[in-house]
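Read the structure below first, then the notes.
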Amino acid sequence: MKIGVLTSGGDCPGLNAVIRGIVRKGIRTHDASFVGIRDGWRGLLEDDMFDMTMLDVRGLSGRGGTILGTSRTHPYEDGGPERMREVMAAHGIDSLIAIGGEGTLAGASRLVQEEGLHIVGVPKTIDNDLGNTDYTFGFDTAQSIATEAIDRLRTTAESHHRCMVIEVMGRNVGWIALHAGMAAGAHAILMPEFPVSFDQIAEWVTSAKDRGRAPIVVVAEGFVPEGFDSQVADQGVDSRGRVRLGGIANYLAPQIEEITGIESRATILGHLQRGGSPTAYDRVLSTRLGMAAADLAQHGHWGKMASLKGTDIVSVEMSSAVHSLKSVPLHRWEEAQVLFG
Amino acid sequence: MKIGVLTSGGDCPGLNAVIRGIVRKGIRTHDASFVGIRDGWRGLLEDDMFDMTMLDVRGLSGRGGTILGTSRTHPYEDGGPERMREVMAAHGIDSLIAIGGEGTLAGASRLVQEEGLHIVGVPKTIDNDLGNTDYTFGFDTAQSIATEAIDRLRTTAESHHRCMVIEVMGRNVGWIALHAGMAAGAHAILMPEFPVSFDQIAEWVTSAKDRGRAPIVVVAEGFVPEGFDSQVADQGVDSRGRVRLGGIANYLAPQIEEITGIESRATILGHLQRGGSPTAYDRVLSTRLGMAAADLAQHGHWGKMASLKGTDIVSVEMSSAVHSLKSVPLHRWEEAQVLFG
Amino acid sequence: MKIGVLTSGGDCPGLNAVIRGIVRKGIRTHDASFVGIRDGWRGLLEDDMFDMTMLDVRGLSGRGGTILGTSRTHPYEDGGPERMREVMAAHGIDSLIAIGGEGTLAGASRLVQEEGLHIVGVPKTIDNDLGNTDYTFGFDTAQSIATEAIDRLRTTAESHHRCMVIEVMGRNVGWIALHAGMAAGAHAILMPEFPVSFDQIAEWVTSAKDRGRAPIVVVAEGFVPEGFDSQVADQGVDSRGRVRLGGIANYLAPQIEEITGIESRATILGHLQRGGSPTAYDRVLSTRLGMAAADLAQHGHWGKMASLKGTDIVSVEMSSAVHSLKSVPLHRWEEAQVLFG
Amino acid sequence: MKIGVLTSGGDCPGLNAVIRGIVRKGIRTHDASFVGIRDGWRGLLEDDMFDMTMLDVRGLSGRGGTILGTSRTHPYEDGGPERMREVMAAHGIDSLIAIGGEGTLAGASRLVQEEGLHIVGVPKTIDNDLGNTDYTFGFDTAQSIATEAIDRLRTTAESHHRCMVIEVMGRNVGWIALHAGMAAGAHAILMPEFPVSFDQIAEWVTSAKDRGRAPIVVVAEGFVPEGFDSQVADQGVDSRGRVRLGGIANYLAPQIEEITGIESRATILGHLQRGGSPTAYDRVLSTRLGMAAADLAQHGHWGKMASLKGTDIVSVEMSSAVHSLKSVPLHRWEEAQVLFG
């Protein structure tokens, strides 16, 4: 069996460990051979690939990024399924393992169902917003980096008696904000799922200040304050209602300063959160997901993906991961609020 | 309600975050008050305690160790239940939250069942060997420290073309060895649950060397090689059959060197693995466990402990955590072996 | 002898270690006593201070920020020298140790020369731009944080085949950019001292890309591209000619993308660089500077400050540190260019 | 010009950055070409080498270990100078850059003086014990790792009210112990240069304990307590009088426990201190030393080595580095003692 492997969408710490897990398991247990496809669907559509051996994946478990490269090319662009079949046939590729997020898994699922292509998946989202999987790799690394950054910012905030507003990733969900905020002892955590008013934010900030703390506000990039739209007609929001200009933190900090009178500063962590060596947790999860994906391909479970449930790696429908966004549930929001102010 | 809190047994990263979670949840939601008991059961038996307020727990989520101190004093020593009742009555303490390992939870469970004391628990084991909970706090920090150490040791091993034998914690189970070994790309992982022979170890080491690698062997402190006892009559093993003198790594390294001819060095990580600031993962888990324990006490669920199941914190019988050791299951051992050699 | 200690200006990793060094040396060797003055000159002018003992400084060597707090209050505001003398007399304070940057040292020097106040100094600048001292504490921590951040960003840049523009601190000098850039293998380092044209930057970026690298550009916040002013009449520069809106990195990244056709992203490290626990290097330097400052005060060397020369802590005139900015010399710029492109 | 590069002796963080600095400077500025010699003098004597290009050194600045490998082979073994000349002639190698410690530099210096070979050097010692250079690369990384380890161990020591004895590198000098001990707030620092009695150690430990601290003792591996020899006739010391069996920390901890009655634990950091990615400080220093060595070779300054003086890289005689060990001077010992107890 000859299997093509591709990584698609935004990069994520652990991708290389997934690739290594796939290749080692496939070669050692199933006698499979592998082709590394460059830059996601682009490499498949443009026939840009290479034979991938044990040597290519050695020493990869702790390395950030993806040796395969990635892109946001859509599988139905540039010839789409037709072209894929051609390229796969030309190389004798029987099946694909697609490592990607919502778009990739939805596309792959459709390619299996409508075109009969042989594809299994590994879910990838640093935001942890895919359904039917407990956590996804990369999320632990992102929450760790964000936590360490907030720890650092707290000391400078305290020295200057300032409020710090730290923007973390999370376009549609607040998982990174929730976890990093809880881990680092934030006085307010703002998430897309739970809009709150400026007055509420100001109350939390003032309460922390009154107890002698330098207020720490952690905000997910996709958060939109309650009653926001009307106020910033002149600032612009994007099609999903998200603040565009320079990040929500840059918008919130001066607002907080104005309402509370407390000097406030913004920091946007941005790409830092997806770079560098994955945590031990993510390396183990990634390796196990990769090995499970090799098994799925070996057993012809097309349309399935490897998924974490409790302490086990199980197999679920790719389509089930994308049907609904995994939001932060209400009870986690209530739990977190006990720590606010 | 006035609740006493104690931490007992070996310290563990996340203890302070548990304490903070308990106090904040109890005060803010349940209007409880708290007493910090010093050094585990010792403080209760010797009446060494202090009123613990929000101020005492501020800024604790990222701090290693335990502000309460800990000891290995047994609850049935020095007066035992009788004396506890006295001291609790004198201070108006209604109930206890005991954060501890196998011994603590077994003792607490017995105090509930036989003596009718009001106790709830939080499971603590850096080795991750308690039953009826997916993971325990501190384990993620330990596996992270061990992984980072192995990453470091690999570079020096490769420069000198040596084999490195790294001993990690795990008296009875191999969880830290398994995870850190997988995360750091070890060529052999040795665990108490799965004795292997010197020949097998030598084969993995030689195979890695033949592929041009500096062989990395990760061994849990409780590992005993197959056919070991007879060979080291003169070295001594302890009552559980574990190697005593200076750590199993110090025993294995020269053996590996002798059999394989590859220069080998031992490193014992020891106390390093339980020190310092907890990871983001452990801080979130600890905070949530602490908050759940405050709820258990509020609702009078004596004999129960907070426990992680999947992504949820649930409540289980304390006694269920100690009935059987949570060993590394066979399928995880088989999974890991794909990466060996 | 009763000595007042204050920290002034932007905070800097190592301030707490300086304070600890002062207090331990002064109490143990000179039998001095100490007063901690809150928030720099503000605390002195407003009589906001506390007796500072061994207990106050315990465990401080590794803690970021300053326990004394800091502010940008100028010593000649609000009553100035007159008021200082009053407050010092009221508390029986004989002399001051002022830990601060250019403004603080210049002010302190003037207070010594014109007013006869008893002040010694410790130079503080995270940018490393003070004269007559080899390095200043905080700089090593800043270069370490920046280097680690660039290491992280490189992996995501490589996965996406992007150019990364990372903005680090350095309003007037490029020391952090120079060192972090060299340490992390940047393909271009842009510093205020050495303006270069967009074409030169584009050439370095393209050259790196042509060799298969994801181009890394490290830019000091105070860098202004050659021929810049006329081009951005509508964007605004501040009084010193520095780019105002959102950081120079946010300006450069789209420019680079436009000229080279290589997708480019900006990251601004900002406050992250001055937060958190100082490096071992900075802790040792800070401790030694603090101890030397206590000696200077003991011996009545008013107007002097402790300074690093080679491996020694020596004493120099405070005024000498501020007479001229310590810029990156030409030979360091030439040395660095060997690594560009 | 064709230059052979070798790394010899124990590995050290920064070796790869030196190699990268040499190659980039030599190729870009001097149009030199390079040969990488494997495993120090062994590779030269056994003709084991490869053409080393820009591609071989790319991305190396942050990588631990040495891509050239290293060994303790002596240059006068196995044919010695005669054989070297042969191999160099066969490959057209004009000159050598030897990166190594006392033995390597002494050997290289002799090869220049007695045999007329063309060699320049780069000093390498993680212990920082070479003369005529302010600091050597690797030392900062070692002190950082040791400091971080002590920070970690402190939290567990405090939880258990224990004394921690931490053994760091330093066979003949105490630089790592001195710096890591000062940085991490040790209550006693023990160095080969300054033997102290058990009673003195016990006094420092007891004093720290009496102030409510968990006593931290940092000891260099080469430390020998005053009056030691007679007491341990049965334990064995090596030819230099150093404690052999399992490290001095393992000897001291039970002694301290016996004298003071304070529970004590030992940790030996060992190889951890020389592994992994170098600090920013070491990367910059290494890169600059490498570039300077390429210049020395270009200008035919045989017998010279690159050396750090203040903030400059200068050139000194290799022989001057080895004439006398750079010990910790008395005034640094006195300075440190202010922090003890």
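Read from first to last, the chains carry the letters A, B, C and D; within each, the first residue is number 1.
The definition used in the following text is that a contact is a pair of C-beta atoms (placed from the backbone, for glycine too) under 8 Å apart; a residue touches a chain by one contact, two chains touch by 3 or more.
Just so we're on the same page, UniProt names per chain: A, B, C, D = ATP-dependent 6-phosphofructokinase.
Bear in mind that the values here come from a model prediction, so they are computed numbers and not experimental data.
Peer 1: On the document's contact criterion, could you list the chains that touch subunit B and likewise touch subunit D?
Peer 2: none
Peer 1: Starting at subunit A, what is the smallest number of hops through touching chains needed to reach subunit D?
Peer 2: 2
Peer 1: Among the chains, which one keeps its Cα centre farthest from the Cα centre of subunit C?
Peer 2: Farthest from subunit C by mean C-alpha position: B.
Peer 1: Roughly how many whole angstrom separate the Cα centroids of subunit B and subunit C?
Peer 2: 41
Peer 1: Please work out the Cα centroid separation of subunit A and subunit C, and write it as a whole number of Å.
Peer 2: Roughly 35 Å separates the two chain centres.
Peer 1: For subunit A and subunit B, what's the span in angstrom between their mean Cα positions?
Peer 2: Result: the chain centres lie 30 Å from each other.
Peer 1: Can you list every residue of subunit D that touches 2 or more other chains, as numbers and ranges?
Peer 2: 148, 151
Peer 1: Strictly by the criterion at the top, what is the full list of touching chain pairs?
Peer 2: A-B, A-C, B-D, C-D
Peer 1: Write out the stretch or stretches of subunit C touching subunit A in their complex.
Peer 2: Touch list, subunit C to subunit A: 7, 10-11, 13, 15, 39, 63-66, 69-71, 145, 148-149, 151-156, 158-161, 164, 246, 250, 265, 267-268, 270-272, 274-276.
Peer 1: With touch defined as at the start, can you tell me which subunit B residues reach subunit A in the complex?
Peer 2: Where subunit B meets subunit A, its residues are 24-25, 28-29, 54, 58-62, 134-135, 140, 143-144, 146-148, 151, 179-180, 182-185, 211, 213, 277, 279-281, 283-284, 287-288, 291, 309-311, 335, 338-339.
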